[in-house]
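Heads up, the next two complexes both have chain A, just with different partners, chain B and then chain C.
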Partner chain A sequence: MKAYINGLGAVAPQETLDKDHFLDQVESYNENRLQIIQPNYREYINPKVLRRMSKIVRLGVVSAKIAMEDAGLDQPDAIITGTGMGCQVDTEKFLNAMLENNETLLTPTAFIQSTHNTMGAQIALMLGNNNYNFTYVHRTFSFESALLDSMMMLAENEASNVLLGGIDEITEESWLIKTRIGYFKFDSINSLNLLGDKQTGALAGESSAFFVLSNKKTDNTYAEITGTSTFYKPESIEETQERISNFLSVNKLSPDSLDLVILGYNGDPEYDQLYQNLEETIFNLCSVAYYKHLCGEHDTASAFALWIAAKALKSNTIPEIIVKEKKKQNSPKNILIYNQFRNINHSLILLRQV
Partner chain B sequence: MSSKIVVTGLGIITAIGNNIEESYHSLVNQKSGIGPISILQTIHKDNFVLGEVKKSQDELIEMAEVDPQEPWTRTALFGIIAAKQAFNDAGLDKSKGKIGLVSATTVGGMDRSELHYTSFVHDAVFNAFIDTHHAGDSTEKIADQLKIKDYLTTISTACSSSLNSIMFGARLIKNGIVDKVIAGGTDGLSKFTLNGFNTLMILDKDQCRPFDASRRGLNLGEGAAYIVLEREENAKAEGKKIYATLSGYANANDAFHQTASSEEGDGPFLAMKNALDKGKLSPEDIDYINVHGTGTDNNDLTEGRAMIRLFGDKLPAFSSTKAYTGHTLGAAGSVESIISILSLQNNTMFPNINFKEVINEIGIKPISKVEKKELQHVLTNSFGFGGNDSSLLFSKYVGS
Partner chain C sequence: MEELIEQLKVQIIEQLNLEDIEPDDIDPEDPLFGNGLGLDSIDALELIVLLEKEYGIKIENPKDGQKIFFSLKSMAEFITENQKN
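After this line comes the complex of A and B, so read on.
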């Protein structure tokens, strides 16, 4: 299975819309929560429709539109999204109203928009697209499941062009709740100082990244995705190493032959040591990059990592701000993205230059 | 290698039974599980009826044989109970190939979140339930109980979720990602969904009446259902009983409205038609349809129109079984897949209870008593918010 990335679009806590810049002017944050820089929605969405859309739906629609325009695609053969937490704003709105008013005085809008497939549905509605439309909702497997489905659709010849997206939003309330259980840091740090912080927890964040995947190369092709895989609750670091090496060998690569590995360092020392271990063992010859100081931790952060990797392969540029260890001097021909959530959900995405 | 995907295990828990035998018994005896509310704590207790599984949290924990000290949602417990049945029924053996789990849910752990949410925000008493809220939690709890590690994921596409999990499960096998899949869905009843559907004014205060002229809306239900899928040659090599062949599947989008279906049921029509095409069958090959038939004004009318568009005047026998189980949302597709498989296996079509009078605009009549007939091919539909429409085609297994 393989897929060409023929178009992409993202919104994130960084400037992503200006094609002339690629993470060369970096935003830093001091409140442990990195929020998406909201685009001028009116440039992308009809104001009448815009009014009814919640933030996450708007962000999804904007990034999907940018990706499709970039690829010169009018109608995808499938729309496949991944979102760990779905429409949190609307879910909280309906839940809080229900609890505060003891199940009275409720209106349907927030409930209707709270379903996880709202982004995929609204994109289909906007395009008048009757095709296959799936949404995966499994924490940090969400985007990778959507990616696997997309690659399967291409392999099965069920689709020539798939619109794939990963999207998650962070709300004030979910941020506070998850700070309480130690998933996010309590004391403020600057987002760019994420590595090496001793405090428990990650920095919270959000992003939306969409891709047009195709079985045909075009003049606009960014990169080729050659494989993706997930694994669950490895019993030891040795199992993690073995799973990664096996995945690479299936794709006729070894860890040593990788040019660049993009790791999901999120600032939580307990889990960042897993990445550190891999850097010192199987990845000891590769250049290493990280990205969650730019977008924060969220279930579909690896979609933003894929956006970075695809742009890096097309432009032969690795933005300075993502470099952690530079061990190979040449511009990368292949990149592995590896992410894990609290040593439970592990995922791999492999790309190569075309 | 043959591309035939067969069903080798079944597991179910809903308002009409805690397992396959009890469910079948309720279906042939036309026994509905929908009645007054006694489990869900809601101010609407006396206003609506529900298809509740009449088991307390403690009773479910006992049935699922799990550690009572851990944080369990009803969604996870139903999932474990039904998935275990399917796993054991298929005699799955982890040493014989890779096993995947594809589960579906609409609101995940909401049944507990809504009880403890104020505490999540203001104090620390129910912290353990914070991370049971997300949709993948029940899937991971099932995977941990069954020790499944090779592949797991969760799908949420509103009311069509678990037909989609079965579809994706079959494709995982075809693409060589895993050898066997447990696929289905689970949802526990919550005030969140009851109040949500109430704001849409599509809940019937009495038992729902799918495809009846006087229908007033749906009844919510809860539960879980899972099936085991594998390649035919795998199942034969291991000498397994085979319930049915999954011979076709399709998902399409209505692209009309977030909650309402298009006039002529474009999405439902495409889902059914593409499922038939996938199975290389024509409309006249279909013997029975287990319809989505929620009992809402909009669904039954547009689903009926889509069926007429596809089948013309050769409409096969059809019925909705929502008046037995209620609408189990994320579990509905897999619940009705199992009911369809039971129909195939027993050559028995279960009646659309509470039907009296045909809907004028479409003039089609569901079966209203238990009917016995040799069945070869059965279609089942699930349609959801966001215009997400799916159909699966199950066929009687014929050895090759």
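After this line comes the complex of A and C, so read on.
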């Protein structure tokens, strides 16, 4: 299975809309929640339609539109999105109204906008697109599942161009709940000091990243995705190492031949030690990067990592801010993105320069 | 009546998230749907809920909706009439 990234667009807690800059001016945050930098939505969305869209839907539509324009594509053959938590703002709004009004007087807008597939649906409505439209909701496998489906459609020639996206938002309530159960840090830190913090829990975040994946290269191609894989609850670090090595081997690579591996360090020492172990063992010869100090932890954070990797391969640049260990001086040809969520969901995405 | 119309303007702007519209932009006699304020069928549902929630008025016959929600003025008249009863 092969797929070329021919266009991309992202909205994140960093400046991502300016094509002339690639993470060279970085925003740092002193609260444990990294929120996206809101674009001027009116530049992208008709104000009449805008009023019914919550933040996450706006983000999805904006980043999808940027990716489509970047690829010079009018209509995709499929729209495939991944989201771990979906439209949380409208879900909370709807559920709170149910509680406050004793399950009566429910307004339609929040309900319509609260379903997980709202982003995919709104993009299709905006484009007038009646093609295959699917949303995957599998926690931290959501984006990877959407990616796998996209790659299979391209491989089976069921589509020539797929609009693929990964998107999640953080709300006040979900942030408080996840902080209380220990998923997010309690005391504030500076986001750029993510790796030095000893508290348990990650930094919370949100982002939206969309890609036009195609079965043909164009002048605008960023990179080729050569493989993706997921595995669930490995029994030991040795099993994790073996699964990663096997995945690379299937793709005719070894850990040593990778130029860069992008790891999902999220600041939680309990689970970051898994990445540290891999850095000291199978990845001991390749350069290492991380990215969640820029976007925070969320179920589809690997979509933002893919945005970074694709831009790095096209521009032959690895932004200094993501570098953790520089062991190879050459510009990257192969990049592996490895992410895991609390040692439960593990995912791999492999890219190469074209 | 004028006070009620001003109150309705604020409530409608908030409930329907009419981001670019100020209360003074709405002419009480202009149609709410179509060429006037440009509302649609989902907004109609929101307005039905607003009437019930804020004024305790239920619309018994859906056919009356077109007349009641023609303009802000007609809405205010309907509220005044039904609150008296």
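In this text, the second predicted complex is superposed on the first by the 354 of 354 C-alpha atoms of A that agree within 3 Å, B and C clash if a C-alpha of one lies under 4 Å from a C-alpha of the other, contacts with A are read in each partner's own complex, and residues count from 1 in each chain.
Everything below uses one rule, namely that a residue touches a chain if its C-beta (ideal position, glycine included) is under 8 Å from a C-beta of that chain, and two chains touch if they have at least 3 such contacts.
As the structure is a computational prediction, the values presented were derived from the model and not from experiment.
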Combined model on chain A: chain C and chain B, fit or clash: fit
Of chain C and chain B, partner touching more chain A residues: B
Chain B versus chain C as contact partner of A:T107, first or second or both or neither: both
Contacts of A:L127 with chain B and chain C, given as first, second, both or neither: first
Partner chain in contact with A:V26 - chain B first, chain C second, else both or neither: neither
Partner chain(s) touched by A:R51 [first = chain B, second = chain C, both, neither]: second
First, second, both or neither for A:L195, with chain B first and chain C second: neither
Three-chain overlay, closest Cα atoms of chain B and chain C, distance in Å: 8
Residues of chain A at both interfaces, chain B in one complex, chain C in the other: 106-108, 112
Chain B residues within the chain A interface of the complex: 42-44, 105-106, 108, 110, 113-114, 117-118, 120-121, 124, 127, 130-131, 134-136, 139-140, 143-144, 149, 151-158, 164, 168, 171-172, 174-175, 177, 191-192, 195-196, 198-200, 251-259, 266-267, 270, 384-388
Parts of chain A lying in touch with chain C, wherever the complex brings them together: 47-48, 50-52, 101, 105-109, 112
Complex contacts: residues of chain C adjacent to chain A: 15-20, 38, 42, 45-46, 49, 52-53
For the chain A and chain B complex, residues of the former touching the latter: 1, 79, 84-86, 94-96, 98-99, 102-104, 106-108, 111-118, 120-122, 124-125, 127-139, 141-142, 145, 148-149, 152, 155-156, 173, 176-178, 180-181, 230-233, 344-345
